[in-house]
Amino acid sequence: MNIKALEPRVLYAILLPVLLLVCLFALNVGPVEIDLGKGMRDWFNELTTIESLILFDIRLPRSLLAMFIGATLGLAGAALQGLLHNPLAEPGIIGVSNGAALGAVIVFYYGMAGFAWFLLPLGGLIGALIAVSIILLLVGQSRSIISLILAGIAINSVGGALIALALNFAQSPYAMQEIVFWLLGSVANRSINELFIALPFMLVGWGMILYCGRFLNALTLGEETAKSMGFDVTRLRLVLVLGVTASVGAAVSVAGNIGFVGLVVPHLMRPFVAYEPRRLLLASGVAGAILLLVADIAVQLLSSNGEMKLGVITSLVGAPFFLFLILKSRNVLQ
Amino acid sequence: MRVKINKDFMKRFYLFFTVLMLLSAPLVAAEKPRRIVSIGLCTDQLLLILAEREQIASVSVWALDENMSYMIDAVGDLPLNNSSVEEIIKYQPDLVVASEYAAWDTAKFLRQLGYKVKQIPLAHSIADIYSLLRQFGEWTGNQQRAESVIAQMQSELTEIQQRYAGRPEKTVIVYSPNGFTIGANTLENDLFAHAGYINLAASMGIEGFKPIALETLIAADPDVLQIDRNLSRPDSLATAYVGHPVLDKLIEHREYLDIPTRLRICAGPMITEAIEKMAQRR
Amino acid sequence: MSLLSGHNIDYRIEAIRILENIDIQVEAGELVGLIGPNGAGKSSLLRLLTGVEACTGGEVRFEDKLLALIPAMQRAQRMGYLVQGAMAHWPFSVEKVIELGRIPYQKWWQQASGEDQQKVEAAMAKTETLAFRNRIVTTLSGGEQTLVMLARIFATEPELIFADEPVAALDPYHQLHVMEILRNHAAENRAAIVVLHDLSLAARFCDRLYLLNHGRLDCSGSVSEVLTRENIARVYGVDSHIECSEKGISVTSLSRVSEHHP
C-alpha cells in the first residue's frame, strides 16, 4: 500500500484541526453531563459554577495533560528510532519509561517531592538518563535490532522490580497498590498542578529534540558523512538523549508509564513525511497528542468509574502492532 | 451451750461459704478477664473506655496515632503490639479483642492455638454502637459501665438535637483518599442524620464505602464538604485525590466540615462529640 | 598557497601507529590520487584531511588556515566527503537525498528554499541523475547510488571533494562516469582527492599521485614518476606491465613477487 507523502502545509492543515476537534470531544466526555457552552461562558465571566469548575478544573487539565504527554511520547519515539536506526525503538520498549518511573517513585514516596516543584520531574529525568546509559552500554556499537530489544527487556524487568521494591518500603500504606498506576499510566484525577510541574521539562526536551532534526537527516547518510557535514556527532547525540530523557522523564513522573505510543505513532506518520526523520519529529508529536487524547476518551467511555488505566488501551493497540512489526522486519533482523 | 452452737454454725457457714466461693471462682474468673489484648484501633478505644486498667495487657500501636485515636491520652505506659501473632502470644492473654473486618487471619490463627478471640462487627448505625458496647461490656465483665456509657450517650444526643433543632438541614458529601465517599448504611451516614445533615451520596443510591467521580461530587452541589485531608500519612497518589485544587475552589464557596477523624472512625461514645461539632456548623 | 596541505602528519590509535610523517599538498585544479596496498592508511589519511578525525601529530591546513580552527559549518560548506561504500539505507527519493547536501547552509528551523532547489537541480544535471529524481534511492543500482551521493556533494558546492574508493564496486560504465565527473570538478579551478585501487584509472584521471605504504609516504609526484614497475613491485608485491599510449597509461598486473611480504 503506497501512501503518498504530504506537503507540510497540507499535513498540518489536516492534523491540527483534527487535534482541536478531538480535544473538544474530550472536553465533552465525563461522568457528568454538562453544557460546554455554559461552562465556557461562566469561566469567561469569572463565575464559579458547577459547569465552569468541571470544565476548567477537571476536564481541561486532564485533556491538556493527555495532549502534551502524547506529543512527548510521539516525539521521543521518532527521535529514538532516528537515533538508533531501529524501527522498534521507543521509550517504553527500551526501558527509558520504567527508569523514569523508578526515579519518580523514589522522589514521590520518600517525601522529596514537596521541597521544590522541579524535584519530581527531575527524578524522572535522572531515572530515564540512567536507563538510557545502561542501554547504550549494553548495546555498544552494535546496529542489531535484536540486541536493543533484549537490552530493553533487561532494563524493563529490573526497573519494574525496583519500582515494586521502592513501593514496598514506602511509608504510605497505599503505595503498594499504586504500582498499577506507575506501570500502566493514567491521566485521571490529574490537576493543572501536574501540568505545570511537567511542562517546563517537556518543552525544553522538545526544543532539544527538534534542534537535532537536521542532524537526524544527515545521520541517514552515515556517521562519518554527518561529521563531514559539520555536525559534532557526539555532542548532538547527547543533546538528543537529554531531550528525550527530560521530556519523557517529566511525562512519566506525572502520569506513569504509558506504553507503545512512541512506537505506533512514528510508524503511522512515516509515509506521510516521505520517511524524512526531521519532518517525522513534529508530525509524530502532533499525531501522538491526538492518539493519546483518543485513548483517554476511550478509557472514560469504556469504564464507568474511571478505573481503567490509559496504558491498558495503548497496550491493547500497541502490543499487536509491535508483534506485526517484528514479523514484518524478520528478514531485517540479524 | 450458746457458744457451742454458734461455733458449730459458724464453722458450717464458713465451710459452706468457702465451698461456694471455690465453686463460683471459675465463673467469676470467666466473667472478668484479667489479661486482655486488643489488636485494632477500635477495640483499643472500647477497651480503654470500658475496662479497668488492670485488665488490659496490651493495646495496638494505633492507640497512639494522633489522628485516629480518641483515647490517646489514656494509653500511658501500656505495652503496645503490632497485631502479630508472636507478640500477642507473649502476653498470654485470656481474651483477645479485634474487629471483624480486619486481622481475620490473625484471629483465626489465635483461635486455632486455643486462645479466646472476640471480634466486634462493623457498626452501621448508632443503634449498632449501643449493642456493640453492651456486647463488649459482657466480654470484659464491665456490663454496668457499658450501660452507663450508653445512657450518657443517649442523653447527650437528645440534648444536641434539641439545641440545634432550630437550624436548617444541610446537604453534605464526604471525599476521602482514592476518591472514596461514604454512602447509606454506614455509621457516618447515621451520624450525619443525627446531626441534621442529608448525605447526598446516600441520596444518589451509594451504599457503603464506594468511589465517586470528582465531577459527580461537584455536580451534586453539596452545602457542606467533608474532605479527609488531615492525615499524618505521607505522600501517595491516594492522598493526591483529596489534594486536587478544584476542592480548594469548592471550599471557597461552601462550608467545609473538618471533623477530626478520631471522633468518627470508631464506634464509641466519642461520636457524640462528632455530632455536636457537625451540628454546630449547620 | 595550496588549497589543502598537510605537514608531518602523524596518526596513532592507542599504541598503533597508523600514519607517520606524511606531507601532502593539493592545489586548485588538481585531481590527486591516493594509492597503496590494503591497510596502508589511505582511508585514515583522507579522514584526517577532511577534519572528520584529528591527527595525533602534525597539522592540516586549508588555504593556509589550520583546519581545526575553521568552524565545522564552514568546513562542511567548502569540503565534500564521499565515504567508502556509501549506500542509502532509508527509502528517500533521489531528490530528497540530494537535498540533504544543502544542510550545511540551513539553520535548524529552516526549510528548503528556492535557492536550495536551484542548487539541487544543478547538481542533478552535473551528475546526469535528473532522469530518476523521483525514484526511491534504495531501488537504484550501486553505480546509480554513487552518482546520487556525488550529486548530494555537488549540491553543497564544495571547493574540495574527498572520495574514498568511489568506484570500487561499479561496472566499467559507471566507473568512467564517476571519474569523469570528478575530473571535471577539479578542472573548474577546484580540486578533488581520491583513494583508488585501480591503478589504470588512477593513471588515467589523476594529475598527481601519492603512494602510501605501511603508513608512510613511499613516493609522490606525477603519474609517470610514481607508477614505475619498480615502485609497484616494491610496494604492491606485483610484477606489472605498464603501457603508455595516446589513449593513456594502463597498468596490468602480471604475477606476484615471491619475496614480497605485504
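Labels A, B and C are assigned to the chains in the order they are written; within every chain, residues are numbered from 1.
What we mean here is this: a residue touches a chain if its C-beta (ideal position, glycine included) is under 8 Å from a C-beta of that chain, and two chains touch if they have at least 3 such contacts.
This one's a predicted model, so the numbers in the text were calculated from it and none came from an experiment.
The chain with its Cα centre farthest from the Cα centre of chain B is C.
Comparing each chain's Cα centroid with the centroid of every protein Cα atom identifies chain A as the most central. Inter-chain spacing, taken between the CA centroids of chain B and chain C, is 89 Å. Per-chain CA centroids place chain A at a distance of 44 Å from chain C.
For the pair chain A and chain B, the distance between mean C-alpha positions equals 48 Å. Chain A makes touch with chain C in their complex at residues 8, 85, 210-214, 217-218, 220-222, 224-225, 227-232, 274-277. Taken together, the chain C residues at the contact with chain A in this complex read 47, 50-52, 72-77, 79-81, 83, 86, 88-93, 96-97, 100, 103-104, 106, 108, 111, 149, 152, 156, 162. Of all residues in chain A, those touching chain B in their complex are 30-32, 34, 48, 50, 53-54, 57-59, 108-109, 111, 113-114, 170-175, 178, 181, 189, 191-193, 305-307. The residues of chain B lying in touch with chain A in their complex are 177-179, 211, 213-216, 218-219, 221, 233-241, 244-246, 249-250, 252-253.
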